[in-house]
Amino acid sequence: MKPPRLLDAWSAVVRRDLLSALRHRADLLTTLIFFVIVASLFPLGVGSDAALLRSIGPGVIWVAALLASILALARLFSGDYADGTLEQLALAPYSLTFLALGKIVAHWLATGLPLVIVAPLLGVQFDLNADALLVLMASLLLGTPTLSLIGAVGAALTLGVRGGGALLSLLILPLYVPVLIFGAGAVEASAAGLGAGAHLSLLGAFLLSALVFAPWATAVSLRIAVE
Amino acid sequence: MKPPRLLDAWSAVVRRDLLSALRHRADLLTTLIFFVIVASLFPLGVGSDAALLRSIGPGVIWVAALLASILALARLFSGDYADGTLEQLALAPYSLTFLALGKIVAHWLATGLPLVIVAPLLGVQFDLNADALLVLMASLLLGTPTLSLIGAVGAALTLGVRGGGALLSLLILPLYVPVLIFGAGAVEASAAGLGAGAHLSLLGAFLLSALVFAPWATAVSLRIAVE
Amino acid sequence: MLVISQLGCVRGERRLFSEISFEIGPHTLLEVRGPNGSGKTSLLRILCGLLHPAAGRVSWNGRDIHELGEEYRAHMAYLGHASAVKDELTAHENLRYSAATAGLAASTTDISTALDTIGLSGFQGIPCKTLSQGQRRRVAFARLYLCSARPLWILDEPFTALDAAALALTRNLLESHLRSGGMLVLTTHQEVEITSPHTQRIDLGI
Amino acid sequence: MLVISQLGCVRGERRLFSEISFEIGPHTLLEVRGPNGSGKTSLLRILCGLLHPAAGRVSWNGRDIHELGEEYRAHMAYLGHASAVKDELTAHENLRYSAATAGLAASTTDISTALDTIGLSGFQGIPCKTLSQGQRRRVAFARLYLCSARPLWILDEPFTALDAAALALTRNLLESHLRSGGMLVLTTHQEVEITSPHTQRIDLGI
Amino acid sequence: MTSRINWFKYSSPASFYPLAGKLIPAFFAVASLLAVCGLYIGFFVAPTDAQQGEAYRIIFIHVPAAWMSMFLYVVMAFWAGMGLAFNTRLSSMMASAIAPTGALMTFIALWTGALWGKPMWGAWWVWDARLTSELILLFLYLGFMSLQAAIDDPRRADKAGAVIALVGAVNVPIIYFSVQWWNTLHQGASVSLTRNPSMAATMLAGMLIMALAIWIYSIAVVLMRVRSVILERERNSDWVQELTEQQS
């Protein structure tokens, strides 16, 4: 047998994480249910006035997605860190940047994608129209990978640092602001009958730049963590 | 020296946890800052219309408090579980119910109380009037200990059942709903110029029943966790 | 007097052991031996009362340990795979609080003595997270030192990560506990010779 | 050929060691000894390239290991305090994925052979979370078995939690690695005799 | 060539420490002088504003603080990045020393802005683009400081802090423009910062002098903090022990 090449190693990382996630279906559900519950708490806290709900709907769904994605991030590297897998990844004869990207991709597939799929259900709760629902899905499809990418940097930085979860949100939430603004903005624009094209292409641009920059920063942070 | 009595042991639990928390002042701050950030994200998602914000303000602040308290809960027992302290607590010659209550009290002092104190600042951001701010503090003062008590049960359950844990803690979330409804309700009533007395006394009743029931359920769950 | 009768244990779907019976009285060392996965840790946790056995019962001075509850736990000290040492507290603080929660009477000087005895003199005041693997294990042993008055000690691979000096110290501690009438239940894969008035062995097969 | 020159290490505020120099060639066992907290783990992590030394350098075939990066890591295997075994995967899955990410060529049969050799025949298909402490450590050793082709092995207290049978197996593994021209850096507090063509020792004082 | 040698000499903590010690009093003196001038101009020379009355005078603190808060973030990220790239201890120490001052400036800008907002807008806070991005800047500073506080090993704390400072620096402009766009999208014209466009020359002068004062004050404070960080981190080194012996 030939030794595995970079792409083999990469796909092993992705498949291992997806398999682990599947074994813990409950974990996957958690993120999803958290998303649904947070979005559904609002009508309870705010009151049930339909017009009010319609106007806050996109924002609330996006904030819920953002919080759910943070919740899931806490687990992105912590398991690997505790059981020594991360050390082994850092010692693998491949670029850690690339392997870290593998972990992020698996993480998004396991936790981000389900949010995108479930979101329309929540949109209906807030009385969004069909166009707005489509735009909601599109904006989440472009936005949640960006959240995972940026979040991975924070998750790597807070490894082994006590206070992890809360510190992670403190570091990452401010950085999420642009995604939130344009994500929610796209849906609002479409709900108001305006085009959402500009918003969506900006979200796409964010995604691309995060793809370039975040895996590298994550790898640097992971090396710091295993020192 | 006489061996320590129940109350000595209890206060040792409280003091140990408070000292740990103090050593990690950053931890304390993070919960707080998370609270502030989450509340500040909503306007970014929803828009900056002052009237709209005023009407969703109490709900948003209460949801943020709830999420911050959930986030902090993750740390309530996990450290003790991982390093074996929990086993030792379960083997101590005192009632585990009582010792668990000690941990909950310390946890609320370290993470719940600060929320109560900063809340008015957020209220100002949402343009609440002075009366409403007072009621906001009162409702949080009654509500956050209830959240900590109920949440402790979830946190303990999380330890026992690997993987499915996070899911269980979400099952706790619905129990938070009454607290959320009456907490946010109290502030809204007062902002609308109505009395908040009824809401607040209901919150008090919740707190009392949680005090009776939650420490016991927590202790049972902890025993399951260390099996 | 710890009496174990007809104990059986099932974990997951595997029956680890069954119908184990023995008695431990004062001055007695019980060595639990067995290959990896044979159920030593499980047995010890049953003896502590942390785990419920699938069959049989454990009794202390004639009464079931689960009935006795706190009364039993006041006579017992357990040291497991995990050391119960808090990272952010110093060794001294760790000991102070864990003594209080464990119901041990221990003054500040007692604690300092315990730490000195176990060879941590210079490390009393620094947070435990900066201690090495073996130094943390020593802190756990210092707690055991404070438990001298408790008759029953249950130790699960206590010697992991200890160097030769620490090994000698802890062996002394265990031997003097046995000499003064204590009981000791022990698992270890290392060859550590503990001289004891009475020694019993249990071999768990796989 | 691993050459260490003038290595110094500072952790927190303590200088653990300084000016350590040595060379390891084929067939050589380097035993790192020292009491708890003397810096053995730190030294090994420096040799792996995980930790940056405060002074000095580590070079492999004449070039600095940090310059070499992936090229160096392809010649090295490390087993630390943590076993890198995923709880929710079976032993077989664990090995398959960790071999692939570590750049090891290993077919399904290779993996089964490795697990059988290390005495986990009946435990290949169950999730590792239900394995005992020593069984998990065996899984980690099975990975090492797959690393036979790599010349440099760095092991930090590899024998913890292993029973006598596993100890014999792993000792054989290490000895045959040395015989076939490998290099081995090892710390352990247990008295495990490993026969080796060349043995060097480093004692780290506290 | 000589300048280069000098540069390297002062990039070592041991020689930087006494140099900073000598500079600090001078910086403080200049800063207080400028502050007195600036405040005098601001409160006694500058004319009362036609629309905003006397309350507007708070800009002599508000605007310089706001400028400085943004400027300091860039400087902090720069030093942190230098520390990460070249592994120079002093640069990382500079970064951690700047953060608290930066956060303080941000806080002052927010506070004075809120004080001013109450009479101007009838509310302490509105979700205006500028205000919002200043608030987020505060969170970025707090994140940096919390991360460093949560890590005990100083070298690791430096590196981790550098990563987050750099990621933040890339994001700050993006955040700034998105927030601006967000606001114009929602309520465009209703952002009623009724400012007087033609600011009197004296007002401008007062503000610039105040900005300079705050700038120099920041330098002095940062140097002080760097000195204490150096002392703490190098307390086991020979030169610090000689120093403490001399002093005692």
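Every chain is named by a letter (A, B, C, D and E) in the order it is written, and numbering of its residues begins at 1.
Here, contacts are C-beta pairs under 8 Å (C-beta built on N, C-alpha and C of every residue); 3 or more make two chains touch, one makes a residue touch a chain.
Since we're looking at a predicted model, the values are computed, not measured.
Graph distance from chain B to chain E, where chains that touch are one step apart, equals 1. The chain with its C-alpha centre at the largest distance from the centre of chain E is C.
Annotation: the chain C:chain D pair of sequence copies touches via predominantly the same residues, more than half of the used numbers being shared. The greatest number of inter-chain C-beta pairs in contact is found between A-B.
Chain centres here are means of the Cα atoms, and by that rule the chain farthest away from chain A is C. Distance from the chain A centre to the chain B centre is 26 Å, each centre being the mean of its Cα atoms.
If you average the Cα atoms of chain A and of chain D, the two centres end up 36 Å apart.
Taking the mean of the C-alpha atoms as each chain's centre, chain C and chain D sit 30 Å apart.
Within chain C, contacts with two or more other chains are made by residues 81, 87-88, 127, 130.
Residue positions 139, 142, 146, 150, 152-153, 179, 182 of chain E are each in touch with at least two other chains. Residue positions of chain A with contacts to 2 or more other chains are 23-24, 162-163, 167, 170, 173-174, 177, 181, 227. Of all the residues in chain D, the ones that touch chain C in their complex are 11-12, 34-38, 41, 81, 123, 126, 130-135, 137-138, 157, 160-167, 189-191. Touching chain A in their complex are the following residues of chain B: 24, 26-27, 30-31, 33-34, 37-38, 41-42, 44-47, 52, 55-56, 58-60, 62-63, 66-68, 71-72, 74-75, 79, 163-167, 170, 173-174, 177, 180-181, 184, 188. Remark: chain E residues 152 touch chain C in the complex.
Touching chain E in their complex are the following residues of chain C: 127, 129-130.
Partner chain B is touched in their complex by these residues of chain E: 123-128, 132, 135, 139, 142, 146, 149-150, 179, 182-183, 186-187.
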